[in-house]
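Structures incoming, each one as structure tokens.
Next come two complexes, and both contain chain A; in the first it sits with chain B, in the second with chain C.
What follows is the complex of A and B.
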């Protein structure tokens, strides 16, 4: 009689308490761990730089040289900064799959801590653009960003960010669903044939606005209906020629055909 | 012709009628449709058509109801999209079923025989023609058109003079100022600072890092109020910095750039699209409209496409405070060719 209610009380309480303790413990450990990781990011440890150097020697040095001094096959990386490494390796463009008009986006080949290690080593060679503060990667004024985008970016990347052709097989990629860090990095470092838009041309606040515009377009589809890839009058004209005119021709044929 | 051709019968005048001409074959025998011969099929078609008409009625009422089921909420663009999509599709489908039903009715069930409606003669009959001439003669007699020559001639003079003011009115449609002058000059002057588009903040030479591309307007462009867009359209400039050793500069232009910083008109010399697709490694500038390519390292020489001339270069230098300034206006008209362009 006495044990039965005690056991009944203890059993659910114990499980809840255990759950809470477990949650706090794992959450606290995670917070501690990630806190430590952030601290390590800001000031790369000697071990991380060493690790980065080893990874670089194994994966990048055949084109960029053992000391990133550049060879005939690849440019020098002295002074490109951690942000260039984050962009090129973090989007899968480097290591390149093969020579071609330009390095294309592909599945990322390295884990994030490996990319960070290589970035730390490249950054240790000479000063260059580093990772942006998190405050410049979210928020921002999408309408100001849209104006800046139209003036500085839209001629190559298309006003809707759909991308476009350049000369001799090169192209400006589409900008849908790109990690804000990589949008920021592309502006600062000017990868491949993209011009550089340094902080003295477009301020970090303005870059944040441009990111806000691109994110706004990611999150809000075309209110005008089917956008047909937003590629402009050629694809839209082709659609109308094939489907609208085709429909009219079919109706005309039916109208004038004799009934059987 | 001495020998007469028997196959050609010549009737009065020049009309030639060939004896072997093709006779009007008349109508083909009436084609019986399945609905004419099979009453069951005809009833089926009638049912189908009436279903189309009823469907059209239902769709029209639905379109009306959809306005209230999916109303446009002010400030919510997605509600506009949904509303216009659904209402539009319902109205279109309602009209389409109505039209298809009507045409099907005419094609399948209405009388199928063909008939000819003769056009009446273009020449009036003799009494009508005679009477018309009489009317003219009566009018002449009553008005004195041929008799009162002073009246007639003064009226003709008045009518001839009437459109003369239009000459002045149409002349006013031409541009007030000489357009050639406007085409040959831009807002750039000696000492005008190069400024960022759209903010209008001036640019220091030290801010233009290697590989940069700046979209540039004259700093004082905002002083043009009414003609702002026209001036901007002419004076837009692309500013780029190349490694100095990659620039091939001719002798007469050696002072036009500053430490690898060059400024070129953004207006294509073909038909005036903005040329701003700059590739910082190849130093190619591409015009997106007709794929003209300019080589920035060779004074924007045309390397591909329909453009006739290199992009005009804006001579720049640096003022005492380190800002980039124009040395002068462009030394040639920017943009596409025009009739009076001499170069």
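What follows is the complex of A and C.
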């Protein structure tokens, strides 16, 4: 079943066709957006959706199926919404580098307009979480966010956002220097092993507060000096044995060395 | 050197200053007879070896802890009264927290030099326990705990325990999320003790955990009771050190009856004083460059959140590791109560481990039956079984220690946490045996190498042809100083099982001879004088 699309994708003219589709789509989209830049975010054009479908067929369909219906290798994406695509593709997790305990971050493989196109197509399949309004991505109350973070996030991501281990080789990544939209998307869509924090659970305003707290930590750095990876007592203990005690032992050897 | 300065009185200032010093000294001496003490103490000799300065690191870091801790007490508020934070750190503004946490935040952000002092205090505390650990290892592996120093070993051991207690109580004072999680684990362990656990927990916390009393109580322990005990133990430790004299490594002119080194006054005192400032400098440098325990990132304690990657400070790590390595589900329900073997077993294992450490000198003295005094420190290779036992102990401790960071090992080395735990569980049991076997082999091999060196010298890489046509490599003999170090050590023989005065062979005697042959069956005899002489003939 999966062989016919594969053969189609490997047809000698496929890349040329794709390139043409891409050029038409981006050119068309450019003309469209420069004309009416306002409501373009929420209402994708038909061309964008078509482009997204083509990109999806070329890059995602081998695991997720041509119609995003899912295969043995990957889940169905019907109803995951544009935001899930933005998170997975926008952080480089998808397309996945290889099968493993979980998809890991890597350099982003697509341009933003290509990601938007795929998101638009996936969103057109069934309703799902869409892009958040810009007002929920900045501003916010860091101290409320910090408290929410400790209660809802710290058990996996560590209280200082340094990340932590999960079962079977899976892990909660560290949360330093993450794009606000991806923090928001992770809470809404619950990627990989993360639970979904719906708007009933944590309201968009509270999500904004959490983003504000994480951004505060990114911007203000460590006030006490080198943070040793913000890993807490383990790295502190290693540091004291290796550098403090190691350095002092070197000094004792120096002090008791016989002069030549 | 001191004689030389005394013989040139003309260079001493003979003005009013000198007369004043002389007068004061005289005044004090007439009332306290202190000159006798200064004379005796000043003439005490300390041998020179780098490993003899590890205890000094511990002593000096304790002084640093006292100084920086005094600063912190001026501003720390040991109270669990609820307040709303109103300091400089934005992400905690308006948050409800205890006065203890709030005042620690103020020390960190709003009091000049406060953060530096906190970091000095905490780094020095980690260094204190680490240097005690290394000092204990030195004493163990050189056999410096043998008669007459067994008591001082126990005093030192108690200092190690007290230092851990000091550390843990201090770690819990800021009432931040990390330390609260740690306290919760201790609470859980206490509650796991059958029968009395719950009572002790309620007594300690003044009711249900966390209550409102634990911080002031820990504060009392941390700044009054425990430091008093530590200072008293240090005093005893140092007095015993002076009474017993310091050990020294074997060398020409060094015997069981003398100590070769520098006198306390002036050489050793000057060196030690300088070393204090070096320790102080290193601690300050680290404290000013590297952050430690950033409590503002952890937030105030609240029993509901538990952070991933919650670890204690390194010296409690072995206990945390033991908890992590116990298989889950070790619980038995009897008489309507739960017997938490997954807590009782770790507590028992840790207690037994610590007791073995404390009692080892007495055990070894019993096995060897050696009643002599020992002032010459042994090289670890010359006591292969003891060294191997030590290596096994270090491995056991090390595996427990590593287990406390099992989650970080898993994430940083890209492996599964289950795999890490199972590996460490196996290593905890198998590792000490492997370490014992390997260390003993290595120690015996090193002894053989020493023997070879003493008898045949170094290979010089110079090959000569003898008149008969034979080729031979020239060996350079060791010089006498080197030789001395390699040949002078005690040799123990396994005991032979003999009936006692009443003609009976007791179980204890059997056990002792068994252990004695376990210790001394495999041994390399030191080179004897005739062997040396015959070796130097050719």
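Criterion: the second predicted complex is superposed on the first by the 209 of 260 C-alpha atoms of A that agree within 3 Å, B and C clash if a C-alpha of one lies under 4 Å from a C-alpha of the other, contacts with A are read in each partner's own complex, and residues count from 1 in each chain.
Methods note: a contact is a pair of C-beta atoms (placed from the backbone, for glycine too) under 8 Å apart; a residue touches a chain by one contact, two chains touch by 3 or more.
Only a predicted model underlies this, so the values are computations on that prediction, with no experimental measurement involved.
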Clash or fit, chain B versus chain C on superposed chain A: clash
Residues of chain A touched, compared between chain B and chain C (which is higher): C
Contacts of A:167 with chain B and chain C, given as first, second, both or neither: both
First (chain B), second (chain C), both or neither touched by A:197: first
First (chain B), second (chain C), both or neither touched by A:126: neither
Partner chain(s) touched by A:237 [first = chain B, second = chain C, both, neither]: second
Contacts of A:156 with chain B and chain C, given as first, second, both or neither: both
Touching partner for A:227 - first (chain B), second (chain C), both, neither: second
Touching partner for A:54 - first (chain B), second (chain C), both, neither: neither
Partner chain(s) touched by A:253 [first = chain B, second = chain C, both, neither]: second
Location of chain B clashes with chain C - one stretch out of 62-70, 98-106, 152-160 or 260-268: 98-106
On chain A, the residue positions that both chain B and chain C contact, one per complex: 147, 151, 155-156, 164, 166-168, 172, 223-225, 255
Complex contacts: residues of chain B adjacent to chain A: 31, 33-35, 77-78, 80-81, 85, 103, 107-108, 112, 196-198, 204, 206-215, 240, 274, 276-282, 284, 286, 288, 293, 304
Chain C residues touching chain A - in the complex, by the definition given at the top: 48-54, 57, 90-95, 108-109, 115, 119, 123, 126-127, 130-131, 134, 177-178, 271, 274-275, 278-279, 282-283, 286, 288-294, 296-299, 302, 304-315, 317, 404-408, 410-411, 414-419
Chain A - residues contacting chain B, complex: 147-148, 151-152, 155-156, 164, 166-168, 170, 172, 190, 192-198, 200-201, 223-225, 254-255, 258-260
Interfacial residue positions of chain A with respect to chain C in the complex: 101, 142-143, 145-147, 150-151, 154-160, 162-169, 171-172, 213, 216-217, 222-228, 230-234, 236-241, 243-245, 247-249, 251-253, 255-256
